[in-house]
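Below: one structure, written as structure tokens.
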Amino acid sequence: MSVLLEIKDLNVSFTVDDKQVHILNNVSLEINKNEVLAVIGETGCGKSVTGSAILHLLPDNAIVTGDILFKGKDITKMNEQEFRQLRGQAIASVPQSPSTSLNPLMHVGNQVAECVLENNSSEDDKKKTVAKVHEIFASLGLPRGEDFYQNYPCELSGGMCQRVLIAMGVITHPELLIVDEPTKAVDWALRKDVVDVFCELKNEMKCAMLFITHDIAAAKYVADRIAVMYCGEVVEIGPTDSVINQPLHPYTKGLIASMPSKGFKVMNGFMPSFQDLPKGCRFSDRCECTSDICINNEPEIVEIAEGHFAKCSIYKNLNVSELFKHAATS
Amino acid sequence: MKLKVKGFLLLMVMGLGLTLFAGCSGANAKTADGEKVLTIAFPSTVTTLDVSNGDGATMLKEVAGVIETLVSVDSDFILHPSLAKEWERTGETTWVFKLRDDVTFHDGTKFNAEAVKWCIERSLVENTSLAKTTGIASVDVIDDYTVQFNTSVNTGDLPEALTNVGTAIVAKSSVNDKGEFVTAVGTGYFKQDSFDVSSGKFECVPYDKYWQKVDSNVTRRVVLSLSDSSTRSLSAQNGEVDIATDVPFSDLETLSNKDGVNVEKFNTARTYFFSYNLNKDYLKDVNVRKALIYAVNKKDIVNDLLLGVGSVPKGIFLETMPWANTNVDTYEYDAQKAGSLLDAAGVKDTDGDGFRDYNGQKISMNIITSSRRPGNSLIVQAVAGYFANLGIEANVQVLDGNAFTEAQKSGNFDMVLSSAATGYVPSASYYLSTYYHSGSSNAKQINYSNPELDKLVDACKATSNMEEKYTLSKQAQVLAQNDVAVYTIANYGAVFVLSDDVENFSYSAAVHDFIVPNETSLK
Amino acid sequence: MIKYIIKRILIVFIVLWMVATLTFFTVHVTPGDTANAIIVSVYGEDAVSPETLENVRAKFDLKRPVFTQYTDWLGNVVTGELGTSYKYNKPVIDILKIRLPNTLILGFSAFLISLIISIPFGILSALNHNRPIDHFSRFSTLLLSSFPSFWIALLLIIIFSIQLKVLPVSGMAGFTSIILPAVTLSIGMTAVTTRMLRSSMLDVLGQDYITVARAKGLEDNQVIFGHALRNAIPPIITVIGLQIGHIIGGAVIIENIFAWPGIGGLLIDSINTKDLPMIEGCVLIIAFGYAIVNLIVDITYSCIDPRIKYSGGDN
Amino acid sequence: MMEKPVSVTESLNYPRPKLTGIPKYLKVLGRSFNQKNSMLTLGIIFATFIILVAIFAPVLEPYDPTKMDLALKFIPPSAAHIFGTDNMGRDVLSRIIEGSRISLSTAFMVVIFSACIGTLAGMISGFWGGKVDMIFMRIVDVLLAFPTIIFALAISTVLGTGAINLVIAICCIQWTSYARVSRGEAILLKNAEYIEAAKAIGNNSLQIMFKYFLPNIVSKILILASLNIGSIILYCASLSFLGLGAQPPSPDWGAMISDGKEYMRYAPWMAIFPGLAIAASALTFNMLGDGVRDLLDPRMCDSVKTE
């Protein structure tokens, strides 16, 4: 499998009131072609910042270091104009919160068509695009026809808006689709529909996805691999089955335990503020098995099973068999 | 997300430029070459040309020279024939006027007795104050060029009254079928060219069949209505008008060295005068009234406050008026005398609070005036200051037109400062009968009555013998000045800004407020 | 929508009637003999006397009880007749017809100037949030809106008319004479509109759909003009509607200083001379203009913003 | 006229643990100083300065502001008379200092009266709704379409010119803006669930209005009031420029400019300094208003997004 996107040691910090606030800390990820990588984690852990960093959509006060290689080219070094060729075309995104992500004063159809049309598109192109939009709407289970095309976002339901957003993401047939919290603002009942849409997309369009979500169930359903983020760091990454069934990092374990189907056990405490991080492991003050080493030293990320990495000091000196024993007992 | 600042600014500049350019194409063209245009600023807004309207008629007669009266008055207040050749009093209430027979209106029709009868009778109806000012009851046509005026009272002042702008003669064609006054068709050297009712701008051109020879090179007169004094002055300095009157006093200093304009000041037959409210107990004492005049330094007020625009009065009237009596007491500034007079009259500080009291009550004077004349507010403030020096508390109220007349009527004041034209009707009796006579509204408001003075003024008004008129008036002036119920504090002055190009302009104090002679020319 | 507009127009007429009534009684109840005021203004202060007062009362029919005057007047207004001005001796409507366009020209020019300046500055300021140009525009608008307009007018006259001699002092003759009054009048409005546009733009620029638009790969210009500006405009339209009131209020003073022959100056004159029919005419026309502008603003708003239709439009 | 500063930096501020026991505004105030709300800081400093000047005017005035001395007229700005003297030989600086009392007290009175009247009227109208509300809205419409100048002129003829009458005239119109805001808030609140709950536990209308509505409306009214002071100062100045304000010889700023207008070319300091005084105080209160708005606007405080 060839690597489509490779993130190496991505660091992002923001200048707030003349102070640097470090948000992403050495994030490294890979997405292969046609692969869906889900990034899960609590609200505020830096998932969306990662997505925005790939899309060059971070605010002006962000400082980005590290490399993001898209098909071997470092996109962090590109300037706006070069990158604009990729954005929306090869790398597209589906934003979160459908209610606010659509321009309220523009027909939804035009908002989708806009992704394809250039400033100087001919009338002919426009007509073709409109036809294409109709088609995509239909394929996403939205009503076809001029009426729907000319609706304003306020005239649509949340689920419909979400689909319009998806249409905007896929109309250009991107190679990488960054999907940000698709189930966040959708009714519980509609959640399945939305997730199904992505499954279909994955199967039909063959595009890779970075599936950012806090909904583990959805991630499990769609993703090939899962990355778990906590406090701006990737703490665990591995194949979906392995991560869900044999979580390694105490945080992942906690997350999974808090799923309704797995007992609904809520973790202690809250994620620390980025301005006030613990010195060693960032999870140390919430972790059940904290030791001195956790408080003082930052853990390293280690490969524990094939393709399954975790960033926790517990695994520093253990061998593989002990590891799995450890995982099974918890 | 940055947008190029430069591009934006460029866009903005272009937008502004475009607007300017679009507007420029609509700019007015200056008047054609060879025209000599005399532009005059008129000090109030002309809303209608109707001769029954004060502003309209004044502008037409004195500034534009479009209409004329039967009798004219020169700068020495001497009457001269104008549209009437001669006149004679034929009885107590009848006068016969012989008219000129060589005069035509601007529409070509003949000026004759019928025209005079029609016009005066119309004005008597439309101008509700004219009957009172002139005393005319009716007009009879004797023959084509002779009219008889019948007056309602025994007045010797009819010829003087017929110099008033309200009696100017216009042709019947000035009025349309519906009775609306549409154009001013007069007999003057200039005839109406256009009038813009929205801005009050009036234009006129010479009338080639004018009955007198006029030596002037002006081919057009433009009269602009500029009611704000600073605006008039600034327009004159900017060369937008050639003659501006009643500009701020300070212009005298500012503009005296300025190229292109001349600044001149004139004394006018208008006064600033105080009326004491004799309903107030302490003001019933003539010595208190005198003291309040001794307290005021009139010289300083005229020279320093009014910046020399105006003059210190030598009596009630401007000394150039033939009936002026300058041999009266003017109560020159003497603060000590003022103090001792007040003490003697029982107006003293009895409770030691620094303010004078009368009958155990602190005196708190209320001095009111209108905002209409430039000196009013200054003078009342200064006077209040002088009174404060004497230990009398005085509050000042400067009121706008209508509010002022209301306050006057309400009687809620101690002193009122007014300004009036002493030559509104250039007669020896007019001013005294309007402000001093117990029948006048001013005297009624302040409860002032001196039967002896009334008798003199009535006699002065009734006689048509000039010698007798002047003598009676002078006697009345002595009485009035001794009573000091009404007291002239300063003579009004006017500052003119004239463009250097203006020639043959002369000033006459006899009209209210200024006249632009037909002879006025441009270099 | 049609129903909504009809309802609004009905309200406009009710408001006009109330304004007319309020004005009528305000000016009639204010103490002061109208006859006296007429004499002072028409024949001069030297002409007041009891006889003249009687004559004037008879001539202008002032002896009717106030309520009869009111019903007579209202009846005339309904038929489009506003009475005859005492001072102009002409039908009020004729004078208004001549004066109104002048105020409209002045107001419109001021409006145009303020848009030409405030739109670019508002946008630039928002796009460069917290950068020097933003600070500059924020501070300068704050500064401009702090100076009294009549004072600025005086300074402008001194500088441009007297020192530089490039613009006329006053009056209405040709294009150049409108520059100073229009600029003075526009200052307050420019400041308010710039600030409003800035904050409205900032508000919009922080919205998700702007990020989404950029994520689509649109050019910055497309994002700013196609998405952001369009959404920032509706609140501005409301502000502009409210600004009309300020323009009218400002026009009263500015017209006075620059001797601009418009409604504002006319109103002040009429109040000073107690020219009742004229005061009523002016107030009616001003109130009408204000109501109409706000009606247009509301309708435009609901045309631009589809969300209004769904909330019923009555805010 | 609510400005809504949304900045990306703020949107990335994470919510902090809530302080308890400190009044909300104090807390926010403290935060604002941390965040360098320079407008507010400057506004507070200057406003304090101006108010102190007004309070201690008699001590600060170098000369008697109404004492006339014609020998000293038109002295240009100099060491003895920093702002020069006017046409009556009065010290312009002393008059400006004395004038601050008139201008500020007029502006504050207008704001306080109209805020009180407006808040109450709007609250009642919003709370009762129905006919009361409809009549109220029409009254507001009428007043908004009615040129303030007419009120001012009419009131000056009824009551005479003077500072108090000016206050009454401006209040007649100004209260409407407060009323509209408080009405809007009241309507929003009326439907809030906790108001239903409050009714359910037996609070009567009056209690609900004063215990529940008022505290919620107050911050909005405060914002409006602080934004309003600057424009009221300007408004008063223009009306006294037209001769409707305090009477001479009281040194009212607007009237001083009106007087100085006549001497603009000869003694420009007579009009320029009062103009600058008006501008400085209006600017100060505008900055203060801006700052307070940034501080209290709930949309700003609540819009702290987390992601």
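Each chain gets a letter, A, B, C and D, in the order it is written, and its residues are counted from 1.
Convention: a residue touches a chain if its C-beta (ideal position, glycine included) is under 8 Å from a C-beta of that chain, and two chains touch if they have at least 3 such contacts.
Remember, predicted model here, so these are calculated numbers, not experimental data.
Student: What's the overlap between the neighbours of chain B and those of chain D?
Tutor: C
Student: What chain lies closest to the overall centre, CA atoms only?
Tutor: Per-chain C-alpha centroids compared to the overall one single out C.
Student: Considering only mean CA positions as chain centres, point out the chain farthest from chain A.
Tutor: Of all the other chains, the one whose centre lies farthest from chain A is B.
Student: From the C-alpha centre of chain B to that of chain C, how far is it in Å?
Tutor: One centre to the other, that is 36 Å.
Student: How far is the middle of chain A from the middle of chain C, if each middle is the mean of its Cα atoms, in Å?
Tutor: 54
Student: Quick one: chain A and chain B, Cα centre-to-centre, how many Å?
Tutor: 88
Student: For chain C and chain D, what's the span in angstrom between their mean Cα positions?
Tutor: Chain centres of chain C and chain D, defined by C-alpha means, are spaced 22 Å apart.
Student: Please set out, as single numbers or ranges, the residues of chain C touching at least two other chains.
Tutor: Residues 31-32, 162, 205, 214, 256 of chain C touch two or more partner chains.
Student: Which residues does chain D have that touch at least 2 chains other than itself?
Tutor: 8, 157, 261, 264-265
Student: Please output the residue numbers of chain B that touch at least 2 other chains, ranges allowed.
Tutor: If we look for residues of chain B contacting two or more partner chains, we find 1, 400, 402-403, 406.
Student: Mind listing the chain B positions that touch chain D in their complex?
Tutor: 229-230, 248-251, 253-255, 300-301, 304-305, 371, 374, 377-378, 380-382, 384-385, 395-400, 402-403, 406-407
Student: Which chain C residues qualify as touching chain B in the complex?
Tutor: Residue list for chain C touching chain B: 31-33, 36-37, 39-52, 55-56, 59, 85, 87-90, 94-95, 98-99, 102, 112-113, 116-117, 120-121, 123-124, 127-128, 133, 157, 161-162, 165, 168-176, 178, 205, 214, 220-221, 223-224, 256-259, 261, 269, 272-274.
Student: Would you mind writing out the residues of chain D in touch with chain B in their complex?
Tutor: Residues 66-68, 70-71, 73, 87-88, 156-157, 160-161, 243, 247-249, 259, 261-267 of chain D touch chain B in their complex.
Student: Residues of chain A touching chain C in their complex?
Tutor: Of all residues in chain A, those touching chain C are 55, 57, 84-89, 92-93, 95-97, 100-106, 114-115, 119, 152, 154-155, 165, 168.
Student: Considering only the defined contacts, which chain B positions touch chain C in the complex?
Tutor: 1-3, 5, 8-9, 11-12, 15-16, 19, 23-24, 26-28, 45, 47-48, 50, 53-55, 127-129, 131-133, 166, 180-181, 197-201, 224-228, 231, 234-235, 237-240, 370, 372, 400-403, 405-406, 409, 418, 420-421, 424, 434, 440-441, 512
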